[in-house]
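As structure tokens, here come the structures.
Here subunit A shows up in two complexes: once beside subunit B, once beside subunit C.
Let's turn to the complex of A and B:
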């Protein structure tokens, strides 16, 4: 009996400890960024483009990187969804009876899921060279789209698989075509689509390696797809590398901005998930 | 059994992944009657039901041979249009699965995909079918709220209304009351009895009392074969086959 009680105590403590570590690191990270970045936060940071040279100066802000990041991550997520939704629907609803093929496809995107983003950056760069695109907003969006597609497909595939077969049967037996049935399934998984968007945007907005070669750098806000675009992660990278305290501080402030953007997106997605959950059964 | 059959099954064999689920099934399902398919779990009764509206088409490793004639048209003919066949039949599954939309849109879904766009026409159809399933008075003030907020019994009636809205000739019920409470079950059973005036109804059930209450004919299926088919009273009270006798008595289940 004593042994069982000890075992219970041991694993319970382990769970509590792990939870504290996870929760603690969240507050530690956000706290550090806030502590180091807040003194350098001001309205200029989010309303002005850098003054006094490429991020190394102490004037102006990182508006170019904020806008650039939102363009890149938003564009990649939208483009990624346009590609991932058809893939997820096709694997789940048009390939029945072809288990081998669908399992092979699933394995393929699982592998893609694990590929580091620098590889997508390099691959995106090759595509750009091939088509003669210079480092630009478009290049960044292409590379980041490649990065987020596996995340989107994987998430969507998993939510579609949770849809009961009977719901599809219900639509089919009303005489719906496969595509009409797929539309019903898409309605059913709307909350899941927002989860996918959230995961994809979060990954896209924070990734450095994929945009390093592809999006380029600029002090200006891009006004067309062919202009180079700054992104927040790269801005943070450069600023933190500076020897000047103030520039470093501005790096932390930029990190704070990035965290806040992710937070806003998370809250927005949660609200949408709630809103669209009400029609589900 | 001098009636004209509505569904005529001829030498139907169904294999799923090298396992034979249905063995040489031949049966004529009478028009505008309630026919119940009974039999122990795993005997193939649901499979038989689902061959009627080709819901098994997308199952992995399926092989179907033989003929299923609905209104003298072979539904497994390669030239047959599957959506047209399915439109002829309303399916009521074990548990209600309302579509992820409002009560109104659930009923209007079928007519809409088949081309009804007129608002007034849809309104009328929705009201008509909700009345036919006795749901109208309960939901008329909240037609635009989510169907998933209804009780499970109401949801099942909504699913029936949804199926009726496409104007089927046949209603297929796959243990349609197994998730419902006794009151809701009785409502659904009464609906089946009243609907047979206009529709041919085929039910799968493992509740013999239910089969006796609602059906005119009974098909007893065992291990993928039809053992006995006849009028309800005859099959349940005076079975000719030994296997049927044992099943009805409760020896095999």
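Let's turn to the complex of A and C:
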């Protein structure tokens, strides 16, 4: 009996220890980035584009990359929504009685979600070569759109499924067509759509493997879809590879900026999900 | 007067049928449009594979699958493309990541689901989501700033004479942290589906909580744990930028955890600049992407089928 109690105690402590490690790793990462990035942080970083000699440690900031990332992630999320909302509606409202098919479709999007961004990047590059598009904002948006479609579809699908069946039945029985019913459902899930937008934007803004072939890099803020665009994660990667301490330091500061952006987005999404699930109950 | 009445009623009747027809037509057109969008986006699974294969053909005409996968010589300028070192690099890094992440994540999920008081549970779950939201490049920066010095100064000196810290071990540790949230969230979900009656039966027979977990819960959850592991492996396989930053990137097969490695995704990301200037190089990189795609596709399908089956069993 004593041995069994001891075993219980042993494994219980192991579990607590593991939980501390897993939960603590978040603080360790964010803490490290803050500790190393904060000393190099200043207003220039977020208000200026790289000046002459930026890459040997002279003045400037990463505004070009911040704006570039927002353009790419924003464009991809908008394009992705235009595709994903109809897909999510189709799976949920137009496939009644075809449960096997709709579940297979859901699984296909789950699998697409698992395809790594480097593969989307390589494929996006193929599309660009095929259509003769050079590395540009447009190319980056295309590749990242492919990356976020599965996230958007699966999130929207989960949200639509939380809408009570009675609501749909009521609309349908009043003589509404499926599309008119879908409009009612869409209004109902508005907070869920915001959550999907945040999740997609958060993933898109932080991804690098999909944009490194496709968006290119530039010290200027792009003014058209056909100009190359810098992205924040890629700027971090380049700066860290520098041999100049000052440039590396600014890489840490850029990492801090990206971390803060993504944390804000994730926390907002968390809050929305919580509010939404309260709504449901 | 009567005639007038019948006229108006009949005209309203016809307008209402036309609006009705219009509404139905709109519904039908939109249905077709949605079907097209759905088919187009889901067919990406096929199109990506075909596109990458098509681009790999020039390489496959020169060298057979066997040579490509088993040769260790990587000399693009001489037209020699052996992927063996990169495949081994990927396997080492992924293996280390799973060995570290699986036990920790499993114990964490067990604690969260079976032991933790509701208050602790509520406090913990956001951190798992926050961790999964951190971008890969930030994990890479953290690896460079924290894990590399840790290995170089404190871990490696106990085992080998000298290490810069850039190693498959560093890649494995960084990847392990990256896949924590994925494994924890899937296993927790699976654990929550195990019926309380089963646990009660075991507890009422005098088993301790740990014995119940060991003999009942884990056995019941095994398929889910396997699915989570397979999914985590495929995630680790495709992770690019973080491993690129910490693995050292030498096209040599690693023989110890302190050796450098060069995983497949890092190969693709690191060389896209030169790929159009050397013959067959672009084809070789697209072949690397194809390899990743095929392996990850298979692993994903396997784990999703297991998970879907679990879900269905539960619904019955």
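One rule holds in what follows: the second predicted complex is superposed on the first by the 232 of 281 C-alpha atoms of A that agree within 3 Å, B and C clash if a C-alpha of one lies under 4 Å from a C-alpha of the other, contacts with A are read in each partner's own complex, and residues count from 1 in each chain.
Just so we're on the same page, contacts are C-beta pairs under 8 Å (C-beta built on N, C-alpha and C of every residue); 3 or more make two chains touch, one makes a residue touch a chain.
Every value quoted in this text rests on a predicted model; they were computed, and no experiment measured them.
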Quick one: classify A:96 as touching subunit B (first), subunit C (second), both or neither. first
Check whether A:180 is in contact with subunit B, with subunit C, with both or with neither, and answer first, second, both or neither. both
Which chain, subunit B or subunit C, is in touch with more residues of subunit A? C
Looking at the overlay, does A:222 come into contact with subunit B only (first), subunit C only (second), both, or neither? neither
Touching A:212 in the superposition: subunit B (first), subunit C (second), both, neither? second
Figure out whether A:249 sits in contact with subunit B (first) or subunit C (second), or with both, or with neither. neither
On the A-aligned overlay, A:166 touches which partner chain: subunit B = first, subunit C = second, or both, or neither? first
I'd like to know which partner A:192 touches here: subunit B for first, subunit C for second, both or neither. neither
Overlap of the subunit B and subunit C footprints on subunit A, listed as residue numbers: 177, 180
So in the complex, which bits of subunit A are touching subunit C? 4-5, 7-8, 11-12, 14-19, 21-23, 25-26, 28-30, 32-33, 36, 83-84, 86-87, 89-91, 94, 103, 105, 107-112, 114-120, 122-123, 125-127, 146, 149, 153, 177-180, 202, 205-209, 212-213, 233, 236-237, 240, 251-252, 255, 258-259, 262-263, 265-267, 269-270
Taking the complex as given, what residues does subunit A use to touch subunit B? 96-99, 164, 166-167, 169-177, 180, 184, 187-188, 190, 278-281
Given the complex, residues on subunit C that touch subunit A span 23-24, 26-27, 30-31, 33-35, 37-38, 41-42, 44-45, 48, 51-52, 55, 103-105, 107-108, 110-112, 115-116, 124, 126-131, 133-142, 144-146, 177, 180, 184, 208-211, 213, 231, 234-235, 237-241, 245, 265, 268-269, 272, 285-286, 289, 292-293, 296-297, 299-301, 304-305, 308
Contacts from subunit B onto subunit A in the complex sit at residues 53, 55, 58-62, 83-84, 86-87, 89-91, 93-102, 109-110, 113-114, 146-148, 155, 159, 162-163, 166, 172
